[in-house]
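The same chain A turns up in both complexes below, where it pairs with chain B and then with chain C.
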Partner chain A sequence: MWLPVMGLIIGIILGLLTEIRIPEEYSNYLSIAVLAALDTLFGGIRAYLQNIYDEKVFVSGFFFNIILAASLAFLGVHLGVDLYLAAVFAFGVRLFQNIAVIRRILLTKWSTKKEKLEKS
Partner chain B sequence: MDKRKMKINFTLIAAIIGFMIAVQFQTVKKPEDRDTRDIWQLREALLKEKELQSNLLNEIRSNEEKLSAYKSKREQSKEKALRDTLNELKTDAGLTEVTGPGITLMIEPVMENIQLGETTKNVVSPELLKRLLNELNMYEAKYVSIDGQRVINTTVIRDINTETKIDGHTVKELPLEVKVVVNDLSTAEKLYNRMKVSKARDEFFTENLRLDVNAPNPEITVPANQNPIRIRYMEPVKEGSGS
Partner chain C sequence: MKIMKVKGNHLVLSLVCLVLGFIMAFSYHLTQLEHESERTSLSDNQYKTTLALRNQLISQEEANRKLQKELRQKQASVTENEKSLAKEAQVFTNLAEDAEKYRMFLGKVKVTGKGVKITLTDGAYNPKEQNINSYLVHEHHVFKVINELYISGAAAVAINGQRLTSHSYINCEGPVITVDGVQYPAPFVITAIGDPEVLASSINLVGGVKDQLVNDNIIFTLEKESEIVLNPILGG
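Take a look at the complex of A and B:
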């Protein structure tokens, strides 16, 4: 369980150490890509906890969501409509839902464990 | 096995997300440059800037003084006087365009007098033009141009191969415009009245030409002479050799 967190930390450290900077006007795309990636990550965790995890869905969803979000933002910039807000909204809502589901699952697991302990 | 693979997947994707977040963070983060000076430091800085400003103002003032000194020096210099003289001489010699009060004369063929089958003569003879010029000069004409060609002291009007030429410029087309500029408007008025009753009109008429005199105009422009003035028999007087 701690391996993904380690991966996250390693990634952050790597990013900070390489000192890569993207042009200011592309930071919009990157932020939306980050959001999409986070959404996929939490979706994966939820699926794992619900035992419906599929590796192909997870990996393809990760890249596909990022690309879709970035292209939506790109289209929005060229149409003059803030389309990336749609992506932000969708991913945001899903992020909250996923986290809520994860929280509930963890809570039920925790409580059943406690009950078992009390029984024994 | 499957669980291990899943963990690797999660780890990899978490690492990618971390990397992306770090890059985004670095892009958005701007070096903060906060002004932490207190009021006395600010005052000192202000004082410094003010000093700089006053120094600059002093410099500007001294430069302007210098400029005006140079200007007044130039005004009083010999060069200025020479330049003025040169300009005056140029105006007198006809090398500059002149605008002033004056009259215009039109020379045109008398159409109603032409008989059927008669060949029209479209040339003004040089003698006629010379007489006209003499008359104009008699009545205080100052600057004259014929057909856009300035007439000056050295201008020659002559017949070359049955073409009337003014300083090499061929007078071909009728009607012909003669512009005369005089000193002031009253002189122009006088000139106008005299030309209306002058003999020149009769002389032109005998050659089937009509001389129309237009009313005085306060703004008449006579072009400059374009041909170089060649001076052949002239040399400066040597000082002391006096004759």
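Take a look at the complex of A and C:
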């Protein structure tokens, strides 16, 4: 259980320590990538709680979504259409839905546990 | 087998977490840097200093422009002064040349040039003539020659080496002729600077000066000289 947490910490440290400067116009893509990653992460958590979690789907979705979002934003910038707004919208909506589902599942789990405890 | 699977599961999850953490931290870092740069570029103090510097620059440029205008004006005046100086210099040169020319005419300096040399000698003794005056050179003969020379454009004339001026006088005193108080006996050598051809032809005119003198029994010789030197007037 501590391995993913350590990975997260190492990732954060690496990200803070890197002195790579990327041009300002590419920072948009990065934020889209962050959004995609978060979305996939919460989707994965929801799937896990709903017992339909598939590792392959999760991992491929994680990386593919990041790349897709970034390339979509890139394409949008070069076409003169704010396509990254579409990504933000889609990922934002899904993020909220996923979090809502997670919250409900956790609530029902918590209430059933409580009932079980009361019964026993 | 199950342990391996769990371990692999965790490995993949940790990789995902690593990438997520990296991306998030990087993005955060970047945004922070952007904010910082924005803050520094738009900070009040810096804005004020920038404004002050800009104003200073503008005022400096204005001053520069003013000074440049002044410089241009000064340069124009300098050019004008130089032009007037050049003109003055030219005037002075002309004046100096004129003065030199006038000095030459007045006989204050030595002059050289092409010209003619005329010698008037008393005629040989003629027993038929009773009057000695009829074969002597008189001052009116000399006058005639000199006048003719002046009329035909002689620049300077001298008698026996003495320059004549505008206020020279020639007197006849028996056998000698006095030129400006200096007495000269015959023969009289009259040298004149001018165009030799013109002078000679005007003297040699038929019925002109030469013929008149020859009629008065005077021995008249005329030579064209390529260089005649006339000394300045003594005591002039």
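Going forward, the second predicted complex is superposed on the first by the 108 of 120 C-alpha atoms of A that agree within 3 Å, B and C clash if a C-alpha of one lies under 4 Å from a C-alpha of the other, contacts with A are read in each partner's own complex, and residues count from 1 in each chain.
The criterion applied here is as follows: contacts are C-beta pairs under 8 Å (C-beta built on N, C-alpha and C of every residue); 3 or more make two chains touch, one makes a residue touch a chain.
Note that this is a predicted model, so its numbers are computed, not measured.
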Partner chain(s) touched by A:Tyr48 [first = chain B, second = chain C, both, neither]: first
Contacts of A:Leu3 with chain B and chain C, given as first, second, both or neither: both
Partner chain(s) touched by A:Asn98 [first = chain B, second = chain C, both, neither]: neither
Touched partner set for A:Leu30, first chain B, second chain C, both or neither: both
Touched partner set for A:Asn65, first chain B, second chain C, both or neither: neither
Touching both chain B and chain C, residues of chain A: 3-16, 20, 22, 24, 27, 30-31, 33-34, 37-38, 41, 55, 58-59, 62
Parts of chain C lying in touch with chain A, wherever the complex brings them together: 9-31, 34
Chain B contact footprint on chain A (complex, rising order): 3-16, 19-22, 24, 27, 30-31, 33-34, 37-38, 40-41, 44-45, 48, 53, 55, 58-59, 62
Touching residues on chain A, where the partner in the complex is chain C: 1, 3-16, 18, 20, 22, 24, 27, 30-31, 33-34, 37-38, 41, 55, 58-59, 62-63, 66
Touching residues on chain B, where the partner in the complex is chain A: 5-28
